Amino acid sequence: MTAMIRSMKDLPSMHLLGAGTAMCAGCGGLEAIHQIYDLIGGKTVFVNAAGCMTLLSTYPFTPFRGGWIYTSMASAPAGAQGVRDALDILLRKQRIARDEDMTAVVLAGDGASFGMGLSATSAAIERGLDFLYLCYDNEGYGNTGQQTSGATPHAACTSTDSGERGYRGWKKDLFAIWAAHRPAYAATVIGADPVDLAKKIERALSLKGPRLIHALAPCPTGWDFEPQDAIEIGRLAIRSGMFPLKEYVGGAVVHTRVPHPRVPVEDYLRRQGRFAHLFAPRRNDRLLAEIQAQVDAYWRGVA
Amino acid sequence: MNRVLLTGNGAAAWGARLAEADYIPSFPITPQTEIIETLERWCTDGEMDGTVVTLESEHSMITAAAAAAATGVRVFTATSSQGLMYGMEMIYTVAGWRAPFVLVNVSRALATPVTLEPDHTDVLGARDSGFLQIHCATCQEVLDSVLIAYRLGEDARVRLPAIVNEDGFYLSFTREPVELPDPDAVRRFLPPFRSRGIEFRASRPISQAVAVLGSAPYSYFRYEAHLAALAALPAYDEAAAAFASEFGRRWPAVEAYRAEDAEIVYFMIGSFATKAKDAVDRLREAGRKIGLVRPRLLRPYPEGALRQHLLGKRAVIVIDQNLSMGKGGVLYAELASALYGRPGAPLLVSFVGALGGRDITAEEFYEMAKVARQAADAGVAPEPRLLYTAGELRELRTLQAIAGAERRTIT
Amino acid sequence: MERGVITRPDLVVVADETLVPIPAAGVLQGLSERTVLLLGSAERRETWQDRLKVPGPVLALPVSAQSGDHGVLAQIGASCAGAAARLLGVIRRESLARALQEEIAKFGSAAVAANLECALAAFDAMAPHAGLVAASAEIGAGDYRAPEWVDLPLEEAAVAAPDIHGALTSELAITGTWRTHMPVIDYERCNRCSWICSTFCPDSAIKVAADHTPRIDLDHCKGCLVCVAVCPPHAIRAVPEREAAREHSR
């Protein structure tokens, strides 16, 4: 399938996701989903895991043009399995016309994707389920007040890691976990780079099987910054190298943006209140150096 | 006439096959695994046109089952015990999706301690969830109940998933003669699955199972599911009547065996009720006016039928093969609430037995009848009793000695 | 005595006056002629009394100027607490100060000082109305109004399940009330690029017409101001909502 999105001019001007949802002003997750929905459209069934986006549809309001179902925190991929298998049965047994088919799309936050839902996710990939998996990653359990999750980055302050060193662990590598399963496709995206995102959605749509779209979701509420800075912070996440934009396809990992020169991680971190403790009352040079070193090490490993 | 020897699990699998279940999400657990293995073999061999998928946990399995039903196909699944517990979040959740399917639970006693043998605490843990519950005493009943459960759950007034329960080992692995219904007769009894507005189609946008913030709408949705479960009472009677008419076997919501003129009746569910029937026959030979009342439908609770059978009796021997910690037998508590304050309400004598598959001997049945008679004469019920003998206690002590546990009695 | 849901308030304190016109906020529910309604607002109490026509007394608590660019109501909680304490008439000035110090201590001495100043100023400003709020009597058990209990009818599953049969009903939710600042497009500067602001608006609140002109959907724009930040020729500016509302009503 020839790519349709080559530059900004090719992005859709018709926006399909409805307005009026309860997401915070400037939500980076909604940013990504709204761009993705423009491309995947309403012939989809969104199978949702518990998280911020569960509140997209609250009775009687829904922003979707197609399907949606809330399952639980841990089992959205299993819900997608049920939907996909049932549609396949209905098609095979000719109980529905071909044009009634829909794509199963898991919509999950990092809480479910990096933690509770990993078992169901792993098994769904293993079974070769034909589905899209959208993870909006705001690096914490956002809906409950930004507690530490499997996606929380090193030294970030959360409501369960509130000390001056923040979270002592390191962000789990979801992309590598997916890649180890050898899925049909996996990609990292961000709403701040819509053309890169659109190209990856197009590629994902041209393939069948388990396909991950992992979107970093800058979160004004959880990361503590002004909503209007959401895109700028997203761009800094990319330019500092902290969130690599890459894809796994055909068994190989390809970086679609290689920031060069890389902006110091500090420029990204100091814009967010969740890292304020690294700068005041005293600079924490050690932690800043640790974070920078990890990013440097990552990009050294990229050809 | 197509009579074969089938285990309870074999009968359950035949029920799913005859119902032409489209989708069978599965996960293995003793003692139900034979059900899904049988179905897998048939679907692979082409004897059945169904899709079998193994999920990685019961929580996922139940999610997949309900999601497929909510998309618009007929679904069958099975589990037991710890698996039912693992999936319990979804058992409660998916009942409210109002997409019907059938789950066969092969009941097995719960941890702690972890074990394999049967009792009913597991399935009774689902009684508040919104799933319907039908309890079987024979392998024939298992097969027939699966068919009835589909028709009942898919009834327009109901639209709820249903659990059909069979005892682990004593039914699941025990062969009994079972008549296999004719597939065309089954198709007459059970029409094809209809979504009735709850389905996923590209041409009809729908957001299902959405969040509801606000106590008035929440109360509405919850209570409607309850009303639907209650509507399953008349719907069950109609389905059972249609079944009897098509297949000649009667499965009333409550089975009454020699109960009409009885003064005292046994009250229990499941396969051990057949042992109670034997005890009834022997006691009748000895001149006692005794019978058995066995609910098959537990959810919805067949309150009216139970009152009809039990009001006016002198005593009811309630045998619970389950235990609600800190309260006692579940059947006992629920029956008491159904009969309380009614004219002619009998004395209730509570026994807890067969935990972890423990046998209930003929002697125990006779002794329970005697205790009930004495209680009725005295006008007062004794305290609930755990069926447990001195011999069993001695055996336990030898095991404890090996395990090195100091023996201490707390008085 | 009420718990959880207060249906018959004696005092309603509104820290954010923009909530008043939102039905879901239920600000005016259960007001009786005894209920004192206190609004944090720059407008006069008479204006509010006229506007709302509630049965009981309406008081305005002058709010300090909106600080910074973000419409933050500085120390509004402390002001409300101070005012409410005076209106109740049973909390002494020293108790208020002590409680506030305890509550705010973890935010540092500067925060304590700022909040204390606001709370005590509000406490003092409410002096003419001290003790205006009094506990109302319980509903008598003698001649109460009977609740209108109904028996829910059994309804078909497709409507009795929490399902939404349709698309885009979220558009009925007017999230435009969230704004403290309105983005306004200067069409002379706008390049008609056709994609930037509407792509980056997370809420689908910017639509592009066939002639490439973007239009902001004010019913839904939450005022995140991402569009202001991303527009390359800086053709969008943020106007405080109050000011924008005045411009619109002219």
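Residue numbering begins at 1 within each chain, and the chains themselves are lettered A, B and C in the order written.
The rule is simple: a contact is a pair of C-beta atoms (placed from the backbone, for glycine too) under 8 Å apart; a residue touches a chain by one contact, two chains touch by 3 or more.
This is a predicted model, so every value here is computed, not measured.
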| item | value |
| --- | --- |
| Most central chain, Cα average position | A |
| Of all other chains, the one whose Cα centre sits farthest from chain B | C |
| Between B-C and A-C, the pair with more C-beta contacts | A-C |
| Chain centre separation in whole Å, for chain B relative to chain A (CA means) | 43 |
| Euclidean distance of C-alpha centroids - chain A vs chain C, Å | 32 |
| Separation of mean Cα positions, chain C and chain B [Å, integer] | 53 |
| Shared-contact residues (touching 2 or more other chains) in chain B | 97, 205-210, 212, 217 |
| Shared-contact residues (touching 2 or more other chains) in chain C | 162, 164, 166-167 |
| Where chain A touches two or more other chains at once, by residue number | 42, 57, 59, 62, 64-66 |
| Chain C residues touching chain B - in the complex, by the definition given at the top | 152-158, 160-167 |
| Chain C-facing residues of chain A, complex | 8-9, 11, 13, 15-23, 25-28, 30-31, 34-35, 42, 56-57, 59-66, 191, 194, 220, 226-232 |
| Residues on chain B engaged by chain C in the complex (per definition of touch) | 96-98, 156-157, 159, 196-198, 204-210, 212, 217, 220-221, 223-225, 227-228, 230-231 |
| Chain B residues within the chain A interface of the complex | 22-23, 25, 49, 51, 53, 55-57, 59-61, 63-73, 89-90, 93, 97, 200-203, 205-213, 217 |
| Chain C to chain A touching residues, read off their complex | 70, 162, 164, 166-175, 178, 193-196, 198-205, 207-208, 217, 219-220, 222-226, 228-230, 238 |
